[in-house]
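Each of the two complexes below includes chain A, the first together with chain B, the second together with chain C.
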Partner chain A sequence: MKIIDILTKIDRRVIYLILFAVVTLPIIFPSAKSIRVMPPVEKLYDAIDNIPEDKALIIDFDYDPQTLPEIEPMAFAILRHAFRKRIKILALSLYVQPLGLAQNALISVSEEFNSVAVTSEDSIIYGRDYVFLGWQPPPLIPILGMGESIVNVYKTDYYGNQTDTLPLMKEVKNYADVGLLVSLSSGDPPKWWIEYAQNRFGLKVGAGITAVSASEFYPYLQTGQFSGLMVGMKGAAEYEEQVENKLNIKVRRKASESMSSLTYAHLVIIIFILIGNTGYFISRRKTKSSPTTPTGRPR
Partner chain B sequence: MKRYIPLLLVFVFGILGIIPFIVPHPVVQGTDEFLRNNLLKILAAFALILGLGSLLRVHYDKIRRKGQNWEYSWVLIVTFVVTSIIGLFGGVSGTGILPTRIGSFAFDIWTIYFNIEVPLGAAMFALLSFFMASAAYRAFRARSTEASLLLVSAFIVMLGVLPLGNEISPHLPSFAQWIMDVPNVAGQRGILFGVALGMLATALKIILGIERSWLGGGGE
Partner chain C sequence: MNISTDPWVWISALCTIAIFSFLWRDNPFYKIAEHVFVGVANGWAVTFYWHNVLMPTLFDPLFRQGQLLFIIPFIIGMLYLTRFIPRVSWLVRIPIGISMGYYVGASIPAVSQALIIKQIQGTFLTPQNFQAWHAGNLGVVWSIILFIGVICTLSYFYFSREHKGILGTTSRIGIVFVMIGFGAAFGYTVMARISLLIGRIQYLLGPWLGIVD
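Entry: the complex of A and B
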């Protein structure tokens, strides 16, 4: 077999097998490395950190099972940050699919805090510290409606409680009482929050998005429309780094652990692209140097 | 009449959708709030029923005609009916009138969601990485100057976003960030302006009744 064939005709199953090995091995033997925090994530961390005491944070859970590994660590890290700083949280979804994932994140992180809480003040209590508003279709209704009155849009919360009876909802009436909204999404919702809620009501918006959609969100960060941005697994790992270093919360860091898999997967892809291109250049040189027929085609 | 009423409705509600962004008068804002919180919710409910009806009809027709992969349409219909019954009568977490537990075996909506939908969805998306790796190896070639620039940028960004990038050189993550912040934003902004102007023109054409293809029945 010629070298050119080896370089250009690697069986796809070989690529799959190598990629499978480099992705799974670091998951079986996890190790979280220190991550350098980049400005977009730093800005988002600071924006949440600087939410005034009398204002709330809205977290829009808009990720689905497909993008769960990338975005769920963001949700966990932000919830840990907000609960530690005693920032009031309103959680919601613009779609029905993420409801279970949102509930799971809220319950898991609040239980983390409650398991070490000594007094009621230390505990994270539903209705006092956070409220899960649930889902209200179509998306335009909550995005615009919450600017006027949140309890009018969500008359009951996700669990069926009357929202106007919850202590937190007596303090947070509309966007005027909201310090920041973070949209954790695998699609367009972060843009909708800017287009409708920010333009009309001046709501500050941050976002956590998938790596594949990152490029289209950067213009909004540059203009300052996004108060901060988390991109993909790396963004989640950077936020975990901030939470651990600045708030001294030492828990399992899923995104940081996954960085090894991501590193090796990227390296494998780069190596295969280089191999493919080496084969391509060798074959191109051969084609150029080979004698041609009067029509210009290689013999 | 059949044509004019939809055109009139689109014109009226199209204008009503724009005005509240410009006029802060309480009457305008109140009307807007009423339309959104009442009318839009009813429309959304109708759209949901129409969508589900249309989905079931398409798959029923496919089964009847024995179209390509018609067997999978049965899977869709059966799972749709079963999950609908469980969801409607069993409650989301098994608190409804329909029992959703046999011994230790639970089949309420949340159990189905976390044990079937979540792993299936994650698995489908995970498969993409294998196809992307294979496709990148076969198709990502430095055939021209532009393709070479794209290739080099991709390598820098791919390495720059990793902890390894920082270990190679502390400038690499910053350079990757610069690629995302400057050349990428320049390109994206151009696209955004183009898309926004296109959307504006199309919206105006629809509101003013110039563009009528959404009515169906040809271009007239």
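Entry: the complex of A and C
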């Protein structure tokens, strides 16, 4: 068997095994990789950084366990940024599945800050610094309703507290008191926020999305409908880089740690694509040059 | 190495391995994990919707607090179930019509403004759009490429005339743009899938086996 025949007939399980190895080894033996921050992520960072003191940031948690590795590091990085800058946060979800993940992110990051806080002023306190509004179906109702009154849409928060009794909700009444909304999503929600909340109420929208939906969402960045955009694990790593460099927050960077695995896996896939295509064109040329039967098949 | 003693971590890790075993070939472990996932996901969703949607927003106000106005959404919702009774199944059109009317009415102006008009504006050759690329003087070049790409791709999907002459040329350029778009989408898809693989391997090596932090 010639080498080209061997290369074009590699068992798919061998490919999986090689991929498994190139993904696993860099996780066990990590190496430092520099991360270049691209303009879409830089824009999102600046948009959050420039939220005025009297305005809040809404974070829409719309990712589920399937897309956790891509989106969760984005949520952690944005929360660290906002809590460090003392930006008021309203968290919510348009779907049911992300509620537990959103709660986990909010509690984990607020505990990070509270573990080193000395006074009440340094602490991140629920109701004063952030509120978890929870979930209100169907998605169109909260998106449109919050433009008029947030406490009318979410009469109680995720924990069952009356929202109108929370100090933060006395300051943030509707979209007029919101500086930016960031939709962390594995689906269509960032588009809904543009269609309904931005179109009707002029709300600024940023997004953190899965890589698979990147080509669908980039046009909204170019038109200025998104104030910034994070795409996949790479986008999350870029945001983590900014949070560490600009805010001096040194914590575990889950997305950045994965960049070596991601790079080597991409290289392996590129090599396999090249091998497959080279083999295909060589075998096609051979088939064309060999004499054929009346049915068109090689003898 | 510090293997977890938490049974939930073990269940999660073994389910992950069972699902990955499909890469070798279809097998009973994969089937068990798949069925458990579907069953658990559905069971969780039904109970969640019951306790967080139906009870607090409909049944409690109507039956416990006696707010009689809620009888209207209750009846409209119940009409969905007429689908199972052939003699009156036509009644299902009422709730479907109400839902469709509401969503279409709300979405047509929003979608046409945000997704069509704004996107068309984004292709105009204006100084504002040149700057949107954050590429300095190259912004003009990118805007021109975008403009050509949009026109040529649209001409590829114009089927009322044979693709000959100018239309033939523009549609051939259009297909190049379409292919570049597909290539970019495929590349991003690879990145997304590899990211998910990384996430699971991090879980197996971290919380389960304790090889990494």
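A few notes on this one:
One rule holds in what follows: the second predicted complex is superposed on the first by the 290 of 299 C-alpha atoms of A that agree within 3 Å, B and C clash if a C-alpha of one lies under 4 Å from a C-alpha of the other, contacts with A are read in each partner's own complex, and residues count from 1 in each chain.
Note that a contact is a pair of C-beta atoms (placed from the backbone, for glycine too) under 8 Å apart; a residue touches a chain by one contact, two chains touch by 3 or more.
This structure is a prediction, so every number in the text was calculated from the model and none was measured.
By the touch criterion defined above, A:V96 reaches chain C but does not reach chain B.
Contacts of A:R36 after superposition on the shared chain: chain B is touched, whereas chain C is not.
In the superposition on chain A, A:V118 contacts neither chain B nor chain C. With both structures placed on the common chain, the touch criterion links A:H266 to chain B and to chain C.
In the superposed model, A:I28 lies in contact with chain C only, and not with chain B. Judged by the touch definition given at the top, the superposed model places A:A214 against both chain B and chain C. By the touch criterion defined above, A:P137 lies against chain B and chain C together after alignment on the C-alpha atoms of chain A.
In the superposition on chain A, A:D64 makes contact with chain B only, while chain C stays out of contact range. Taken together, the two structures place residues 12, 16, 19-20, 23, 39, 66-69, 137, 140, 144, 199-200, 211, 214-215, 219, 222, 231-232, 234, 262, 265-266, 269 of chain A in contact with chain B in one case and with chain C in the other.
Contacts from chain B toward chain A in the complex involve residues 21, 29, 32-33, 36-37, 40-41, 44, 47-48, 110, 113-114, 117-122, 124-125, 129-130, 132-134, 136-138, 140-143, 151, 155, 158-159, 161-164, 166, 170, 173, 177, 180-181, 184-185, 188-189, 192. The touching residues of chain A, when paired with chain C in their complex, are 12-13, 16, 19-20, 23-24, 27-28, 39, 66-70, 96, 135, 137, 140, 144, 191, 194-196, 198-200, 210-215, 219, 222-225, 231-234, 252, 254, 257-258, 261-262, 265-266, 269. In the complex of the two chains, the chain A residues touching chain B come out as 10, 12, 15-16, 19-20, 23, 33-36, 38-39, 64-69, 100-101, 104, 137-138, 140-141, 144-145, 148, 152-153, 199-200, 211, 214-216, 218-219, 222, 231-232, 234, 259, 262-263, 265-270, 272-273, 275-277, 280-281. Within the complex formed with chain A, the residues of chain C that make contact are 23-24, 45, 48-49, 52-53, 103, 106-107, 110-111, 113-115, 118-119, 121-122, 129, 132-134, 146, 181, 184-185, 188-202, 205, 211-213.
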